[in-house]
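Below are two complexes that have subunit A in common, paired first with subunit B and then with subunit C.
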Partner chain A sequence: MQLFINIIVLASIYALIACGYVLIYRVSRVLNLAHGELMMLGAYLVLATASLFAGHPLVALGAAVLLSIVVGAMVYVFLMRKMTGEMVLAAILTTVALGILIRGVIVLVWSAQQQYPAQALNLANPSLTLVGDGHISLWSAVLVATNILVYGALFGFLRFGRWGMRMRAAGQNPLLAAQRGINLHTVYALAWGLSTLTGALAGILMALDSGVTGSMPIIALKAFPAALVGGLDSLAGGLVGALIIATAEVLLIYYVDPLLSDVVPFLVLLAMLIVRPWGLFGTREELDRV
Partner chain B sequence: MSSVLLSVEKAEVVYKRAITAVQGISLSVRDGQIVALLGTNGAGKSTTLRAISGFLGLDDARVTEGAITFDGHRIENRPPHEIARRGVVLVPEREKVFQNLTVAENLAAPVPRAADKRRLEDQIYQFFPRLADLRGRVGGLLSGGERQMLAIASALMCRPRLLMIDELSLGLAPVVVQDLTRRLIMIRDQLGIAILLVEQSAAVALSISDYAYVMENGRIVLDGDRERLNSHQDVQEFYLGQSDGNGQDSTTARRSYRDVKQYRRSRRWYG
Partner chain C sequence: MFKRTLLGALSACGMTLALALPAAAQDAYVVGLTGALTGPPSSTYAPAVDALRIYIDRVNGAGGVNGHKIKLILEDDSAQPSKAAANTKKLITQDKAILVVNASLSSTYAPIMQETKNAGVPLLFASGVCPKSVYPPADPLQFCTTGYAANYDSQAALDFIKATAKGDIKIGFSAMAIPLSRGEIDHAESLAKTMGMTPVDKEVIPPPTADYTPFATKLKNAAPNWVYSWAPWVTQVRTLEALRKLGWTGDMIAWAHLESEAELARLKDENFYVIGANALFQDGLPIHKDIEAAAKAAGSKYPATMMTEGWIGGMAIEAALKSAGWPADAAKVRTALENLKLDTKGLRGGVIEWNKTNHFRTRVDYRVYKWSGGKITRVQDWKTYTVK
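Moving on to the complex of A and B:
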């Protein structure tokens, strides 16, 4: 039972991060390599809001989440917007630079020491006992529930929401979308805002569970194979990819060697790239090179 | 007489700061008028449409001279979505529907206000009842004619005042084209929308247009109302494929004497 719980928790972490990669890639074909740093920034923002709203942990958490959306939208408006119409590679390299910048700012403002937002907010993290003598920490359980809610909301938004429909339309054919009066910049800013929100949610909940350090983006790096395995433009793919990666990782840690944990996602990714480079549910794109 | 909705005044379009694709053209479209822009491949018709709809930026091109005015507002070099919101909507030649979105989603995506969606949809299904039956089918699975219908219908969902259609008849069976032109006239009559039609098939364009311009090498070389162009010797000879006046059927002669005719035509038009 504990094995199963560990898989679900890890899969939820990866899935919550992976959907951020998917949202931006699906709409603009840009790979956001600063996603891990934006996720970590969300966790550090809780430290900032905790001191601003001392004694009101929920307000502090809400403010951090809102700030994350604003940060994501601002990244698009002030940085990525300039990349519209440029080579995708230039946009990707910009995200690499952005990631390095965010890391630097975080070290300058909050230091590189491990921090515990849950302590700053006076929030406990009790262990919950589940059926079959399985245990899960409170914030891990919240993370699993949040993941389910986020995916449900995103599926509904993209399928039935007007702006969700516009995001799908812009992702498929940006030229035609603009011809139909859809403001692509608004769509892209929305995608960046939502992507940063999902990443920040993962970062905040992980930080509440086990604290935050400057090495948090490594987790996002491990979630990247989940998005790729599922298919970079498929939301459902992100969920399935996360489950596959998490299962492989937990089982290998448990039965083979814990040292394999950092390697497993990339081994699965390599296998998938050889067999099906566009992922399980991704769109097979036409390439103009071999 | 109805007021001028779109006015292009001596517009010049330059690609990559070097290649002049459209050279000082002037044209106008009045409220509720159907205007055709005729010409062969490379004449500059599509560039003109892209200049009006704001899509030159993507090709590193700009309107460098002249003015494009829509309903009293200058629109040259403005972003495409802004021009579309002013009421100028383009049905492109290719990739005209969202392939992975259903017919209903294709129609819903461009609607500016959610409150208008139902009313606009009902209106659209009156013009294109076939689309109502295909509501749940994805755009990529439609036939050529159905796709063109959906493209026009989704453009209408933007509530345009000027609908621009790039190559209405391209790749479609004559019976489908005839059906579409009949519906376009219905749309113009009932909604009062002006239509700017870019066509290689002069027969199709002149069958429904009130006025037409002929483009050649980036310039407008001939214009007039339908009757004038239908009876014009050059249009008959070069675009309608009718007798060239020497008793010879030019549809066959065009192949062998194409270059000679091109020369004669250029000499006659440019003086």
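Moving on to the complex of A and C:
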């Protein structure tokens, strides 16, 4: 039972991060390599809002989540918008530079030491006992629930929402979408905002569970294979990819060697790239655009 | 006539200025530091560097050493070997540093050692783990003030477990997947066997890990009654927290890194011990009050409890420069370091003493602390081990 819980928790972490990569790629064909740093920024924003709204943890958490959406949209408005019409590679390199900038700013503002947002918010993290003597921490359970909610909401939004349909249209054929009167810049800004929101949710919940340090973006790098294995333009793919990678990782830790956990996401990715380079649920024609 | 006089005066001024500038630059002891000020491992090193800077500023504020200021030049290597090498080269050739200080990951050591060796400049490790080259027989150019010491730390921790545990000891181990931590835990595992303990599991955990529970699950299922970890703080504390989440109620001992004092108070876990070579601030020594006041006055963003390693590094630099006299060069500083006898005013269990063959220290002393009765309490006073 515990192994099953471990797989679900790890898969939820990877899936929540992976859907951020997918959202931006699906809409704008850009790989956001600053996603890990934006995720970490979300966790640090909780520290800022915790001091602003002392004694009101839910308000502080809500404010951090809202701020992360704004940050994502601002990244598009002030940075990525300038990359419109430029080579995709230039946009990707811009995200690399953005990541470095965010890391530097975080050290300057919050220092390099390990921080505990849960402590700042005065929130506990008790262990919950499940059936079969399985254990899960409160914030890990919240992370799993959030992941289900986020994916459900995103599926609904993209399938039935007006702006969701616009996002899909912009992703499929931006020229035609623009000719039909869709404001591409608004759509892209929304995609960046939502992507940063999902990353920030992952960062915030991980930080509430076990704290935050400057090494958090490395976790996002491990979630990147989940997005690629599932298919970089498929939301469902992100979920399935995360589950595959988390299962392989947890089982190898338990039955073979803990050290393999570091390489297994990339081994699975390599295997997928050989067999099906566009991923399990990805669109084959999208491969050229990568 | 006037024009010639003016030109002459200007030339004289220029010459005076040209001669005066290098003199001014050489009017201070130049000490260069390359450290992990940013990047993932900086949480361990940046507070120590800040403490060292505050200490040197304080020395300068009090008139410097032998009537001369210490010019401390800080360079960030982000724990990257290539950056560390470039920093060291710059510090030696451009800044003319007479002493180089390292406060970074062990992966940066090799290039820094090479650069300092080529230039004949002494190298001081302050807050990064002491390399083998400072143990007897020591490299003539390398010195270390850092508290943690491979092999001795595990011996002391296992001795404590042996003395504290009741009944059979089934011990589990946790390390970070970096050479130093793995090597030490391998050593501890074999040492435990010779001490009559039963090693039941060893988890070597990669540094970027989203969730420690899968590792802790395996460790818990091996049913240890003690767990020992010698790794960067994040691995130690997250292993403990993951074990507790799984309902494990055994005892754990880990190395008392800079973070440990604040963390003991955060965790409030009465079965979690930290063993270290530095006296924690709860001991309330006069020097602790000094450090707290200096950190506050300097407006440091790090708590004073994280400053001991950097403070001791600063004390060693001050003592060495004092002994080297003025003017000092790299050779004089090296000789001074080789004969250093540093009273840490209680921050350590004894003096830091170096000689021709031993640039680590002649003795290591350990204290053990834990959270008990609503505060941090000392559960073992200084226990001394002689360095051979």
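We take it that the second predicted complex is superposed on the first by the 285 of 290 C-alpha atoms of A that agree within 3 Å, B and C clash if a C-alpha of one lies under 4 Å from a C-alpha of the other, contacts with A are read in each partner's own complex, and residues count from 1 in each chain.
As a working rule, a contact is a pair of C-beta atoms (placed from the backbone, for glycine too) under 8 Å apart; a residue touches a chain by one contact, two chains touch by 3 or more.
Source: prediction; values computed, not measured.
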Requested in this report: Look at where subunit B and subunit C land on subunit A after superposing the complexes, then choose clash or fit.
Outcome: fit
Query raised in the report: Of subunit B and subunit C, which one contacts the greater number of residues in subunit A?
Result: C
Requested in this report: For A:Val59, select first, second, both or neither according to whether it touches subunit B, subunit C, the two together, or no partner.
Outcome: neither
**Report entry** subunit B, subunit C and vertex subunit A (Cα centres) - angle in steps of 10°
**Finding:** 140
Requested in this report: Report for A:Asp262: first if it touches subunit B alone, second if subunit C alone, otherwise both or neither.
Outcome: second
Query raised in the report: Touching A:Ala236, do we find subunit B (first), subunit C (second), both, or neither?
Result: neither
Requested in this report: Quick one: classify A:Gln114 as touching subunit B (first), subunit C (second), both or neither.
Outcome: second
Query raised in the report: Is A:Ser210 contacted by the first partner subunit B, the second partner subunit C, both or neither?
Result: second
Report task. Applying the touch criterion given at the start, work out whether A:Arg180 contacts subunit B, subunit C, both or neither, answering first, second, both or neither. Result -> first
Query raised in the report: After the two structures are laid over each other on chain A, how near do the C-alpha atoms of subunit B and subunit C get, in Å?
Result: 36
**Report entry** Residues of subunit C that touch subunit A when the two form their complex
**Finding:** 37-43, 45-47, 177, 203-215, 217-218, 233-234, 238, 241, 244-247, 259, 266, 301-302, 306
Query - Contact footprint of subunit A on subunit B as seen in their complex - result: 53, 55, 57-58, 79-81, 84-85, 89-90, 92, 95-101, 105, 108-112, 114, 154-155, 157-158
Query raised in the report: Which bits of subunit A are touching subunit B when the two form their complex?
Result: 85, 162, 165-166, 168-169, 172-173, 175-184
Query raised in the report: Any idea which subunit A residues touch subunit C in the complex?
Result: 2-3, 5-6, 9-10, 13-14, 103-104, 107, 111-114, 116, 119, 127, 129, 135-137, 140, 206, 210-211, 213-215, 218-219, 221-222, 249-250, 253-254, 258-259, 261-262
